[in-house]
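One structure is given here, and the rest of the page talks about it.
To keep things simple, chains are lettered A, B, C and D as they appear, and every chain counts its residues starting from 1.
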Amino acid sequence: MNMGESLTKVGVLGARGKLGSAIVAGLEQSEDVDVVARVGSADPLQALLDSGAEVAVDVTTPEAVMGNLEFCIAHGIHAVVGTTGFDEERLATVRGWLSDARGVGVLIAPNFSIGAILMMRFAVQAAPFFESVEIVELHHPTKADAPSGTARRTAELVAAARRDAGLGPVPDATSTQLDGARGAVVDGIHVHGLRIRGLVAHQEVVLGGVGETLTIRHDSLDRAGFVPGVLAAVRGVPGHPGLTVGLESYLDL
Amino acid sequence: MNMGESLTKVGVLGARGKLGSAIVAGLEQSEDVDVVARVGSADPLQALLDSGAEVAVDVTTPEAVMGNLEFCIAHGIHAVVGTTGFDEERLATVRGWLSDARGVGVLIAPNFSIGAILMMRFAVQAAPFFESVEIVELHHPTKADAPSGTARRTAELVAAARRDAGLGPVPDATSTQLDGARGAVVDGIHVHGLRIRGLVAHQEVVLGGVGETLTIRHDSLDRAGFVPGVLAAVRGVPGHPGLTVGLESYLDL
Amino acid sequence: MNMGESLTKVGVLGARGKLGSAIVAGLEQSEDVDVVARVGSADPLQALLDSGAEVAVDVTTPEAVMGNLEFCIAHGIHAVVGTTGFDEERLATVRGWLSDARGVGVLIAPNFSIGAILMMRFAVQAAPFFESVEIVELHHPTKADAPSGTARRTAELVAAARRDAGLGPVPDATSTQLDGARGAVVDGIHVHGLRIRGLVAHQEVVLGGVGETLTIRHDSLDRAGFVPGVLAAVRGVPGHPGLTVGLESYLDL
Amino acid sequence: MNMGESLTKVGVLGARGKLGSAIVAGLEQSEDVDVVARVGSADPLQALLDSGAEVAVDVTTPEAVMGNLEFCIAHGIHAVVGTTGFDEERLATVRGWLSDARGVGVLIAPNFSIGAILMMRFAVQAAPFFESVEIVELHHPTKADAPSGTARRTAELVAAARRDAGLGPVPDATSTQLDGARGAVVDGIHVHGLRIRGLVAHQEVVLGGVGETLTIRHDSLDRAGFVPGVLAAVRGVPGHPGLTVGLESYLDL
């Protein structure tokens, strides 16, 4: 962070959580961003106004995020949202708020990891060219859900890309199996979840055709890996008024 | 194959099949083995006697193998068996035949791949030192069973090693999951099977503890990979009278 | 191959070689292609005309290919060329021939593997987003050159993508090293070549930034893996008059 | 840590460093160890005596470690040493001190990672069975030396295992290469070092024979990964009087 005039003033909501702290620490090292407000769950949103924040980064909870967004939009503060739980209804509500606040941008980003975004993008690009594709995700054993949200999302995107390309079902001659041996099936795509102590968050997309395979693997080893994505979001949101879902829209791919 | 006097004379039963042909081709390139009989399903076993075979390699079918073994043992021919389907009853029958034929060796080898045998061995050796372990096997999509026999066997061996070391269940906090997402469970060990066009036969054992993981991966890319194991078996069987199960007993590990 | 009227008639030049035989076998299984001529090094090119070939696939030698191309272009036969050795001078010569043969297409394809093409494409797309990138290629130990042509090409493309994105040199604090420990350096990108018995042709591009890595791996396990690329080339070349370098131009990426 | 009577009293030398802090934190979570002294570079060794430490863990510097060891041995305190820089001369000195202190155990452990130790062990066990073997190590780009000490050690051990098994040089037909493309050569074994932002410390040993490969990979993701090895050392050292080099001697492999 330096003192140039073009610094973007950022307030972080959820700044006391693990992810929030990592994001604050990361943003503070950036040369074009100034973290002007660190708002915890007990702090008033007024801090955003007092500090002159231009962009709010929300990494709070599904319970808190809608109130935060309504406040930001009403006060002309752009918002970058990493909090989960956005269904169609919530997106419609946000769009409604934004229709009265032209010029304000909101980015809902289910994933700030640029590596994960690229992995999904490449899986979708490659899918039409391969007869087979499966997904393996590997996480620490304290994770509650299986498969991971990213793996499910990847499967849905890959399945859609195969349909668009006119591909039929993946080949699979399995006739006798132990329950679960072929993984979960999401939109026709097999997804496997491993839980291993020592791992953080990892995913592999394996594509194969006659004589060759292509494997795309993402390894997330540290929360700090989210910082470049948050930075790209903070830099991009003022130039993208209205609602955007997915950081990939901001990346020059 | 050369003409030295110490050549072991080998007859291959099932010599016309894919695996049998590959084994014949491989043995013929060895310097200490002479393939003296190539017996197909329609050929008489008498060919073994006529050719003076000292060792028979049986890669036939579960239907044919017991008759072949009875014949070999009765005529003092050592046998190396890659054919599947040996349960306790069959093993007991073979032991009975061998009790009247001291000096004759029979090796029942569920797996001739030295790489696969080492993978299982290392998984067992490492198991006591890691809190987590899971198995991923990857095969071509025309395979009928899932998980593979090797993966099931690895899981059983690893589970036993963990019990012996006093380890409890693997850690797993999964509370919500799609059916199959965590794979099949064999003796408490999670096993995942992928079916991908372009692949042959592959397996990965992933072990993990706080801060580190150890991965042991075997890739079988060609049937020719079985030849060194068959050779080790052919060389070893005359010196191992009686019944042996598993090629690993012959390897100097 | 079926008997429909829309079959493309293809002649294969170099049809008796290993790659040529695999391509003939592969094309013969396609439903929209009819292999009408299989031309070996001793056979006359006239066979292309006699058989009515519309597209020639050339997998011959640097010595033979230019004569073949001149013949094809002069007779209005589209050409798909997998033969290596095309420098700027040769490309200029081909362009000259094509200027008198409007409507005829020639594709010079250094690589028919769609997996390898996608690997290179994805490496280039990802390069601007990661501070570090290195390339590992793994081949059978009878390969004469190191690193492989594909690895060098990937390094050059990745280096260019980094320059375009304004990235500086990759970070590397190595101050003491054994000769060769950090690999070969191609346009500033470190490239490592392994030679391992049992392998065929494999490449991994490892990209990394703070907290995360992205790995793109291509495994070529069998010559048959080139067939889909050759098919895409055969289907695409009539619609791409003039000279095209690189199959990627035909793929809908 | 609980209050049972069988607790081993441990003093940590170098307790304020990154590794030392992680070890203190890890030991404090163990149920059979009591950390009674945390000694920094400015603190007197007397703290070991005052606290009644039975075992000292030394993770200091090559400059400090010999003085620390002389003190410990003289006072009958067992020592576990992770500090580097032990050549034959230093080992001889320590053996001399120990000859006057029967019953005292010293373990010099170049590596506390059980995963790394197993990787090396398995590489050595597998080496006689494969024609080819190479080593790839991957680290963060702030590492000063290439290849890593663990990779060099693995190469030496694997080379010795090959010699003992009567294997000749690894096959390699490379005739034209860019400088460094085939890596560094340690005792005839090719070793490749990657430096990638986002990585911590990783190594892969790739072994191959006709038709199959075996890959052993160790990923160290966090300093906490050293704690189980330190614990095994602390528990083992009182029962191993005299000098031991390498934690593997304590593991039941």
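By definition in this document, a residue touches a chain if its C-beta (ideal position, glycine included) is under 8 Å from a C-beta of that chain, and two chains touch if they have at least 3 such contacts.
As the structure is a computational prediction, the values presented were derived from the model and not from experiment.
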Item checked: If a chain touches chain A and chain B alike, it appears here -> C, D
Check: Of all chains present, which has the mean Cα position farthest from that of chain A?
Finding: B
Margin query: Do chain C and chain D, two copies of one chain sequence, contact each other through the same residue numbers, with over half in common, or through different ones?
Written below: same
Margin query: Between B-D and A-D, which chain pair shares more contacting C-beta pairs?
Written below: B-D
Next item on the list: Can you check how far apart chain B and chain D are, centre to centre, with Cα atoms defining each centre and the answer in Å?
Entry: 35
Note to self: Please tell me the distance, in whole Å, between the geometric centres of chain C and chain D computed from their C-alpha atoms.
What the structure shows: 45
Next item on the list: Please report how many Å separate the Cα centroid of chain A from that of chain D, as a whole number.
Entry: 39
Checklist line | Multi-partner residues of chain B (at least 2 other chains) | finding: 130, 198-199, 207, 209-213, 219, 221-222, 225
Checklist line | Residues of chain D defined as touching chain A within the complex | finding: 198-200, 219, 221-222, 225
Notebook entry, point to check: In the complex of these two chains, what residues of chain C are touching chain A?
Noted result: 113-116, 118-119, 121-122, 125-126, 128-130, 207, 209-228, 251-253
Notebook entry, point to check: Which positions of chain D touch chain C when the two form their complex?
Noted result: 130-134, 136, 138, 141-147, 152, 170-186, 190-199, 206-213
